[in-house]
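Look at the two complexes coming up: chain A is in both, with chain B in one and chain C in the other.
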Partner chain A sequence: MADVKKHDTPMCDELKKGPWPSFVDDVEQRGLHGKQECLDMLGQLELSYKHKETHWKHGGIVGVFGYGGGVIGRYSDVPELFPSVAHFHTIRVNQPASKFYSSAFLRKLCEIWDHRGSGMTNFHGSTGDMVLLGTKSDQLEPVFFDLTHQMGCDLGGSGSNLRTPSCCIGKARCEWSCLDTQAICYDLTQTFQDELHRPAFPYKFKFKVSGCPNDCVAAIARSCCSIIGTWKDDIRIDQSAVKAYMGGEIKPNAGAHGDRDWGKFDIQKEVIDLCPTKCMWMDGDTLKIDNRECTRCMHCINVMPAALRPGTDVGATILVGAKAPILEGAQMSTLAIPFIRMEPPYDEFKEFVDKIWGWWMEEGKNRERFGELIQRFSIQKFLKVAELKPIPQMVKEPRSNPYVFWSAEEVEGGWKRDIAEFRKRHAA
Partner chain B sequence: MSDFISQQKELYGENVGFDISELLAKPYDKELAGKLYNPLKPMENRITDIGPPHFLQFMPEVIKKNYGKWKTHEIIQPGVIKYTSETGDVCFSVRTGTPRLITTDFLREVADIAEKFCEGSVRWTTRNNIEFHVTSEDALRSLLDDLKARKHPGGSLKFPVGGTGASVTNIVHTQGWVHCHTPAIDASGVVKAVMDDLYEYFGSHKLPAQVRIALACCLNMCGAVHCSDIAILGVHRKPPLVEDDRITGVCEIPLAIAACPLGAIKPATIEVDGVKKKTVRVNEERCMFCGNCYTMCPAMPLADGQGDGIAILVGGKISNRISAPKFSKLVIPYIPNEPPRWPSTVKAIRKILETYSAGANKYERLGEWAERIGWERFFEKCEIPFTEKSIDDYRLAYDTYHTTTQFKWSVHTDNL
Partner chain C sequence: MAVDKEELKKKVLEFATKKAAHKSKMYIKDLYAADPNASPREVKNAANELVREGKLEFFSSGSTTMYGVPGFGKTLEGAFEEEK
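So, the complex of A and B:
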């Protein structure tokens, strides 16, 4: 066994107790199997637990030649105590869409990372990348060459780039998906490789693809451009399965509430009365839906998955501008395109993307997210740039103030007026 | 599915990453990068812009065969979902929690399990859970037994099964003191402490609905916790220090000034040993501790062991189910950092979770429950003191004020 030095980490060791998987145990064991970086990282974490402050330094620009993203520089501010993590740079590796892996893939990645890095990873980073956590500057190019030549893998996004797109499991294992989420995610990632690797934007830009309005990848909260599956036709109903739910033969909500006695399933109380638009009712023992009034919230489908399924005339709703609070406050995505077909090569969608990126790159300030750009200008300006028609679906309610920015062209006679003429009618 | 596979092959079959099985079959060559990479000619032998490997090659057969044909699903026990296809095929998905920060040792163990039970295939969810897929009840039982037996030396489970249905599923979180330069709190340690305490809710379906907990270790929120049922957020409470002797060397002063959303940073000139030096001054009264200045300028650190801690926000959601997606709302402005087990934070979260669980209707998310009973009642029931700090005074604050005579009598009005 390699010669490694374990630090005294009494506080970290407390986190070996309890049922939830202990990262401390995992990291320490990896360290004892020959990775000093793991033990030094825990040593530094112990120091942070003592000081209640981080001991990682502010950034530093590192990367691989020709790319402006994918690597995040990180240095310890106590390198004399923990020399093996003095440099501890992060590498983001673009994950396969919806995060299926083969064991062969994982094993080879482990070999590369044991040889060239700390042996620690994140599966996954918040945006979706595989994160290789901690290596030295001189290993960055070799890791990149190993990933591209020996694994057919590439880096993910960081900085003012397109960030790595991500998606839900989609049709691969979900009956509700209205989109080929992996295919869309893969195609966008491949189409926009240049934007992903070479920073040309004011700030980060994120695509996320969810197959239905349950939105399992949080597209509406976390992406500048949210692609969420929806349908135009009727919810598919299997009336015999509806009866089976009513008769207690099938557990509601796929059994999601099984460990508590909520009483007998009551379709009126649990489905019909909770429908946000009240567009469902029982006609005798037949469930009826006024689909024109449905807003596709998924509740009835979630509760009775064996009886109800989304329609088959499917596409995506596109919303834009979500972000976390920094700087102007948190935003969720705003409805832009109520329905768009999402079939390869996705030309109509990509034309939309070109238009909004063009505007953002022209007008966006340094570190201004796309959602903030819309706030600074206006939704009206966004609609003009994106060549979208205003529709009531874009607002919760019409404005309550009367401050409309009329343009001269919209007003009869324009804005050129003569004060002398005015005064002929009205004495001063 | 065959149509979909052939379409994908036709569109992307030429891409390097469409099929990497041959690459993966070759043993790792430790010397190769050294031979190929030439620092003097950095573009030589460089492969770029190939993007991620194509997803199809990693899916197990049952997933590929039934792509787009899934009909329904049932959670047969917490953590185990049975999917049924129109073809009659079934697939059991077993979900296990992970700490997200994992080593190559652990990844190899995942590969072992995948090879033993799942044709070598495995997937991760958006919330850092692992999913193993099997197609028979026998394989399912063997897999569950195998997972249950795998433990870390300290006794914690390596593969806890759960996180489905009306449960507390895995906490999504950020790097914290393990790897980040801006955090106000640790991430992995807090998550471990909270999940240890709430473990009974991970492996059971006894809550009114799913409860999504998320942690971000500073306001940058790379973990985007702003739409979570319960959000644990690291906050600073002391204004930035200014390193006068270093600032011009490491920062663009105009960028540092522009970084402040409240205009609290102004340019200044000071004299050091008779030499005039450019720097900045902070109007501390105006600082809202967002840390954006430090992001732009390393000579303006905010971190402070006494100042930093945790804020709790609740009632957010992502799903469009029943009600529209909601932001999380700040209900506890500050809890001190208490490594290694953060007991006050753990206690506060359990209290909120159990009060919700006792009071909410079936299917009602935490935010929907709080809105139904009223926020005055939420604070009363959860025994959280309401302070001015929960009243918004930033952009769009007015939208959150009550402009009606409709309110409920609660402990906050009982003494009037």
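So, the complex of A and C:
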């Protein structure tokens, strides 16, 4: 066994019990095989449990030359107790689109990290990056050099930057994907390199791309600009497969709930009655859909994937302004563009992004997310800036908000009135 | 109206240096005041070029990034060295 010192960590050890794999086990094993940083990190964690407060300080001027993001400075405030984690910086590495790796790539990355850092990783961070946990300041440039020259990958976003764009598995593995999510994610990453690596904004900004409305990357909940695949034409129906579902020859939900006997499949109860817009019905033994009323909830397609498929006239719905609950609670993103073609070079989409970034950079307060800016000004102001026309889908219900403000340019003749002319018709 | 880049860089550096005397770390938005005629993106580009030249430096809180002037204010790394 390597010459390492294990700290006494009774509270951390409690976490090894129970049915799930424990990070304490994994970190400790790596530590006992020669990484003192891992044991020191657990020692400091134990101290934090005891004191009920963190012993990490974060931030500062750490990074690689020319980049304002990608490295998060982290220091122990008890370095005399845990000297090997005195500097323990986190490095975010831009993940490949849809997180496809070869085992050779992962081995090489781990080799670099074992050599230059703590050997601990976090696959993946919430934004999607590969997170390399814990290294010293003098190792940052060598790690960056190795990542870029040997691995062909780059640092991800952190700070007031565009964060690493992320996408679902898309057409690579999913029959429902209406978009080439990897191509969009890669194009945005390349186009906005400067915004990704150098601080440009009042706060962070996130793009996430989902191939269909199932939204597997939760773009609608987590990104400032969600790009979600959709279709314009009709849901494709294979009536013989519908009958096969009804007859029990094909398992609903592709057998995903097959571990229990839920009884015979009932298309009325399990599909038609659950349609949020009630746009489906059975005409004899034929399934009918009024596609004009469909909101792309995907429920029927998820239940009967062999019978129903998204249409073929595909594009994306763009929504803006989701965020986590730091200020005023969590917020889902709001519909901005119901349908946009997403074909290279994505010029129409990029023009939209330019407009909203321009507004945010001009008007956004320090540490104000894009969704909060819309909240502070109004959807109306956002639509004006983005040069979008309001549509009924943008309001929850009609005629419930009396505070509709017209601007002078929206009214014929503006606000100017000829009082003399007015008085001719109306006595004072 | 496009602003001369070198002129803008000079203004941003002057503004940041003056401000650094009482507030050593600035948001990008604070730097917009260096030249009200320049667009936010022009100021951002000028400030980032100054960082590349070593005349300004980034300071990160982890979630937000700020700009500083080398020599003004403490860096966390500096504070850490002092504690040792």
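To be clear about the criterion, the second predicted complex is superposed on the first by the 400 of 428 C-alpha atoms of A that agree within 3 Å, B and C clash if a C-alpha of one lies under 4 Å from a C-alpha of the other, contacts with A are read in each partner's own complex, and residues count from 1 in each chain.
Simple rule for what comes next: a contact is a pair of C-beta atoms (placed from the backbone, for glycine too) under 8 Å apart; a residue touches a chain by one contact, two chains touch by 3 or more.
Just so you know, these numbers come straight off a predicted model, no measurement behind them.
A.B. asks: Once the structures are superposed on A, label A:Pro202 by its partner contacts, choosing first (chain B), second (chain C), both or neither.
C.D. replies: A:Pro202 contacts chain C only, not chain B.
A.B. asks: In the superposed model, does chain B or chain C contact more residues of chain A?
C.D. replies: The partner with more contacted residues on chain A is B.
A.B. asks: Let me test your reading of the model: by the given contact rule, A:Asn253 touches which partner, first (chain B), second (chain C), both or neither?
C.D. replies: After superposition on chain A, A:Asn253 lies in contact with chain B alone.
A.B. asks: One more residue to check, A:Gly68. First (chain B), second (chain C), both or neither?
C.D. replies: The second partner, chain C, only.
A.B. asks: Give one of first, second, both or neither to describe whether A:His55 is in contact with chain B, with chain C, with both, or with none.
C.D. replies: A:His55 contacts chain B only, not chain C.
A.B. asks: For A:Ala86, select first, second, both or neither according to whether it touches chain B, chain C, the two together, or no partner.
C.D. replies: Only chain C; A:Ala86 stays clear of chain B.
A.B. asks: Between chain B and chain C, whom does A:Arg107 touch in the aligned arrangement: first, second, both, or neither?
C.D. replies: A:Arg107 sits against chain B, while chain C stays out of touch.
A.B. asks: Would you sort A:Ser137 into first (chain B), second (chain C), both or neither based on which partner it touches?
C.D. replies: A:Ser137: touches chain C, not chain B.
A.B. asks: Please work out whether A:Asn122 is in contact with chain B alone, chain C alone, both, or neither, and reply first, second, both or neither.
C.D. replies: First partner only, chain B.
A.B. asks: After superposition on the shared chain, which partner residues are touched by A:Ser160: those of chain B (first), chain C (second), both, or neither?
C.D. replies: It touches chain C, and chain B stays clear.
A.B. asks: Quick check on the output: what are the common chain A residues between the chain B footprint and the chain C footprint?
C.D. replies: Overlap of chain B and chain C footprints on chain A: residues 57-59, 66, 194, 366-367.
A.B. asks: So in the complex, which bits of chain A are touching chain C?
C.D. replies: Residues of chain A touching chain C: 57-63, 66, 68-69, 71-73, 75, 79, 86-87, 137, 158-161, 194, 198-204, 358, 361-362, 364-367.
A.B. asks: Could you please specify the touching residues of chain C with respect to chain A in the complex?
C.D. replies: So the residues of chain C touching chain A come out as 27-30, 39-41, 44-45, 48, 51-52, 57-68, 75-77, 80, 83-84.
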